[in-house]
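Below, each structure is written out as structure tokens.
Two complexes follow with chain A in common, the first pairing it with chain B and the second with chain C.
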Partner chain A sequence: MFLLRRGLALAGPSFLLIAALGFVPLGVILVWSFWSWDPASYWIKPDLSLAAYAAIGEAGRWSVLVSSFAKAFLAAVLCLVIAYPAALAIHFVARPKWALVLMAAFTVPFFTSYLIRAFSWRLVLGRTGLFNTWLMALGITDEPLDWLLFSDFALMVGLVASYLPFAVFPLLLSLRRVEPNLLAASQDLGAGFVRTLFTVIIPLTKPGIFAGFLFVFVMAAGSSTEVQMLGGAGASMISIMIADVMRVVNFPLAFAISAIVLVVLFLLVLVGNAIFGFTRLFEDFK
Partner chain B sequence: MAISISLDNVARAFGTVKAVDGIDLQICAGEFFTLLGSSGSGKSTLLKILGGFEKPSSGSVKFDGADVTGVPANRRPCNTVFQDLALFPHMTVAENVGYGLRVRGGNRNDRVKRVNDALSLVDLKGYGERTIAALSGGQRQRVALARALVMEPGILLLDEPLTGLDERLRQQMRDEFGRLHRKTGATFILVTHNQDEALTLSDRLAVMHNGRFEQVGTPDDVLNRPANEFVARFVGLESIVTPEAVRLEDKTCHATISGKHFSFAAPGMTAAPRKLAIRPDRVTLSEDGGIPVTVARHHFRGRHHELVLVTGDGTTITAEVPSDRSPQSLGIGMVATAELQDGALIPVMT
Partner chain C sequence: MTIGFERRDVRATIWILTALSLLIVYLPPLYLVGISFNPSLQPGMPSLGDISLKWYGALVNERGLLAALKESLLIATVTMVVSTLLAIFAALAYLELGRLKNGWFLFVVFPMFVPGIIQGLALSVILNRWQVVPFWGTVVMGHILWSLPFAFTVILTSMATVKRSYVLAAADLGANWWQRTTQIVLPLITPGLVGGAIFSFLLSLNEFARSSYLVGRQNTLPLLMFGKMNSGATPTIYALSGVILLVSILAVAAVMYLIARRRRALAERSVEKA
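Take a look at the complex of A and B:
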């Protein structure tokens, strides 16, 4: 009892901090999303109105929401497809020293700003960029490929490059929790590596797969720099849409969009946890 | 069918450390063979070499005369019960047991039947749908056994499978191993640091130390004719004395220890041993008549008192005195004489 009370006392301040910094803004967002916008005063007034939610249906905002989630989903899946073999390599193949080098290779690009990283892709993917120059030098194409930059392709490259480490590290974490003897047991019972990968390693790293997916999905769904720097003309993303709405001080609409995003993400976490049990990643083994 | 094993000069080095240092060994088909040694003796490495999880640095491994040195674990006709069992936590009992059969392929109904047979073999009939987490330690042990035995391996490798079980369960599973060995007829290789397990289960055993075999023989050989001091100490013979004189005559060994003369029957012995070990349970204390000793230490061990006795020349002899003898008479510093009963002396060959 004493220890419990002391534990609570110690955790108290951080709990209050999390509540103040996390839950209070969330509450504010939810409450304000039901207020209404007064065109006369150009300000919000207390209300219980669904007008803001109705406004989401206008001006193609739904399609921005859906396409943002779709792009985030695709980016998350692509990141997993690239990150899983990479995590396997770091975990199984590389010796400790090389594992460190490989992990650093995934992390170091993070030290530069999003802006610089997104911009550098322009130099690679542009009409006179590195990629097109090579393609033409090798005689694969006669003229530069237009769709490489300012397109959904470029956006996807930018998103994947930006958020790949968020997929690699949860996967590594979950791979490290797979008992090496389980792999030996699988081999002992006649399974080769590929078989073991699909029957033992992947099922046991589901929490890490989902955590990696979730991290990339959330980050990509909230991204704006990559869209602005690499996306095609008129390409939008949730955060850009929110910024546009905020510019005309329509706070209820901005908060209503945020509330929808929050609900989608919460549902994703709940469903994901029910299926993949990703909170197990943070539990102690056995 | 049981498979015979032949190791020819097998060695495995990790850097400069020789975990296994040039082992030659023949194991007959259907034999229960134990690798006995303390941790770091190389016994687990040798087992991994047999299972195909570790490649020997040199030497060859043959199963039924065919060289399998380069064959990986998944293509060897042997199965392992791992020390920590290594049951798949995301599968049910039946899925665990049926894993190997599923990998091997074949008829589904046949597989289900064989899984059920294996489960009843280890007394876990009807447990197929349970999860691993819902099982007790002993039941998990049985699942691990069933998972290996369902493959009908020619060789079953047991890597310290009883470590971590409580004493009662340990004895139960030990009897279980004996029963399953008789029933399956496969070659069983057990790795353990527990001499009781080794001595009660094995047809033959090898005492391992620093990557080498100190002695290979039957439990009777190891217990009654230990090859050297290390083996003698490993099987619990702590007191080793160098007799003043020893000679072999008419299949009887005569030895003089601290001026006292002892003799014991030594059938089959070709040379007189240099040293003798003294079985602690065959030493009794008396007022006079035996070897003069002083009680140096005294430990209560439950059913008996363990006394460390020191002779005139400083040699220590351990004696186990039953607890029902009054402990008041066993004070430290007490002077008495140690008498050696029949069978107390065991020759240590080198």
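Take a look at the complex of A and C:
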């Protein structure tokens, strides 16, 4: 009655499309990253070479990669810290109606323009923006603060605001899988709220924590709108670096940078899934 | 639940932190919407007496914007139809795949994890090699990779309301797979299907990174807006952003309402029967 053959047939169209448009092009640029740049044709030729990978070590490109991943890491941690209370509120505290309203509120940002939302932070953080106006009105500062916008600070705020919902929902899914009996047992054994939270609830939601971390990390590491809207002039991120390399049509180098990013993200997904099993979060569908 | 979530201090702390998280997400866009009603050229909240739709009216005369909007609506519509259909098949496949389920889930969701700029670059290089001239269709190809994982997840989530026993009962009564799917499964998940479609549409309408490499001669709306935002934003940009934000929020709210209503109806029905 549940047939593997039928499953495969149903999966066929999506499989072909995702493979052809997604995996194959990525695989091809992975291979092409080992080819050489041909100045005669402005394209590449099939001479095996590690020149592109050597070039990543030049012109501070390596440090852009590392700092992009570091910023993505920080954004992911901040998102988890900020999202956890919201997930607790939805699952444990709010009445059903309010839980629904909160879930809707955290669903909306997934599907509203990331560009517009990043842009709107300019109006809040700029010299004549909302925050500087408030800070000066309250007498906290006399001059508008310049570092609020076009800085790593602005970038981090933008990333957290953009990708916060990606942390909320995995946490919520994993909270739903926490066995209420365990919480009751924890209380019967004399643990207070804080102790139950840190020794029972948080450890039990590790798959959700990892999945949330992964979603935000990946989105932030690859983000381009937030960087271009809010980042400082000197600061670069992976996406900007790739765009810059492509402007001088250095294909192998752009492919090599992409390859490293893809391998890091792919390993994260696979290793994380093996350790934390975050596909289990979606296993209720039977 | 009685492990401390009923304590007043715990509840207050959680609610305050939740309110702060919502503020981070909503304060700037709402401020932008506020500014869009200010008739003055300087960005700032309008006083109550000054509220005006001046910049919204000015939108109608922006030919470039309208052309980009038309292009984006076309791309979003095609993306919506293709993504939703594929997501339905992919989700039905998930039900049948047994041990391959997890692998299938990861496979379909994976394109979501690929940074847009890398996916866009890879696809555009390949299409270029195949002599495909970029047009709205190439943008659609990139957008499907972005919207399909979301549509798939939404539809899969709504399938949680379909109990295995319903399908088994239908099979016992002699329904074949086609009948079980069209008469039991799909009607039960209509809110999820509507959600998957609307979400795909919105994701495509607002997509930026992939489009930048795949776009043809006619810019999409986000690409055009990006240019305008960086070359001294005029207040019409605030108005346009305001329209897009409001439409998106209303659409998502409608979907959430539909899904919640269906859940409640199903819950009530099973209570009645018990």
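Just a few scattered comments:
The definition used in the following text is that the second predicted complex is superposed on the first by the 265 of 286 C-alpha atoms of A that agree within 3 Å, B and C clash if a C-alpha of one lies under 4 Å from a C-alpha of the other, contacts with A are read in each partner's own complex, and residues count from 1 in each chain.
The criterion applied here is as follows: a residue touches a chain if its C-beta (ideal position, glycine included) is under 8 Å from a C-beta of that chain, and two chains touch if they have at least 3 such contacts.
These figures come from a predicted structure and were not determined experimentally.
Room for both chain B and chain C is found when the two structures are superposed via chain A, with no clash between them. Note on chain A: of its two partners chain C and chain B, the one contacting more of its residues is C. Once the two structures are overlaid on chain A, chain A sits at the apex of an angle of 80° toward chain B and chain C, using CA centres and rounding to a multiple of 10. By the document's definition of touching, of the two partners only chain C reaches A:117; chain B does not. Look at A:109: by the touch rule set out above, it reaches chain C but stays clear of chain B. In the superposed model, A:29 makes contact with chain C only, not with chain B. In the superposed model, A:225 lies in contact with chain C only, and not with chain B. Contacts of A:203 after superposition: chain B is touched, whereas chain C is not reached. Judged by the touch definition given at the top, the superposed model places A:186 against both chain B and chain C.
The gap separating chain B from chain C in the superposed three-chain model is 6 Å, by closest C-alpha atoms. Common to the chain B and chain C interfaces on chain A are residues 184, 186-187, 192. Contacts from chain C toward chain A in the complex involve residues 1-5, 7, 10-11, 13-15, 17-18, 20-22, 24-29, 31-32, 35, 43-44, 86-87, 89-90, 92-98, 100, 102, 104-108, 110-111, 113-119, 121-123, 125-126, 141-142, 144-145, 148, 150, 152-153, 156-157, 159-160, 163-164, 167-168, 171, 177, 198-199, 202-203, 205-206, 208-209, 222, 225-226, 229-230, 233, 241, 244-245, 248-249, 251-253, 256, 260. Of all residues in chain B, only 51, 53, 72-75, 79-80, 82-84, 86-90, 99-100, 103-104, 147-148, 151 touch chain A in the complex they form. By the touch rule above, chain A contacts chain C in their complex via residues 1-4, 6-15, 17-18, 21-26, 28-29, 32, 82-83, 85-86, 88-89, 92-93, 100, 102-117, 119-121, 123-124, 128, 130, 157, 160-161, 164-165, 180, 183-184, 186-187, 192-193, 196-197, 214, 218, 221-225, 228-229, 238-239, 242-243, 246, 251, 254, 258, 261-262, 265, 269, 273, 279, 282, 284-286.
Interface residues of chain A, counted against chain B in their complex, comprise 179, 181-182, 184-192, 195, 199-200, 203-204.
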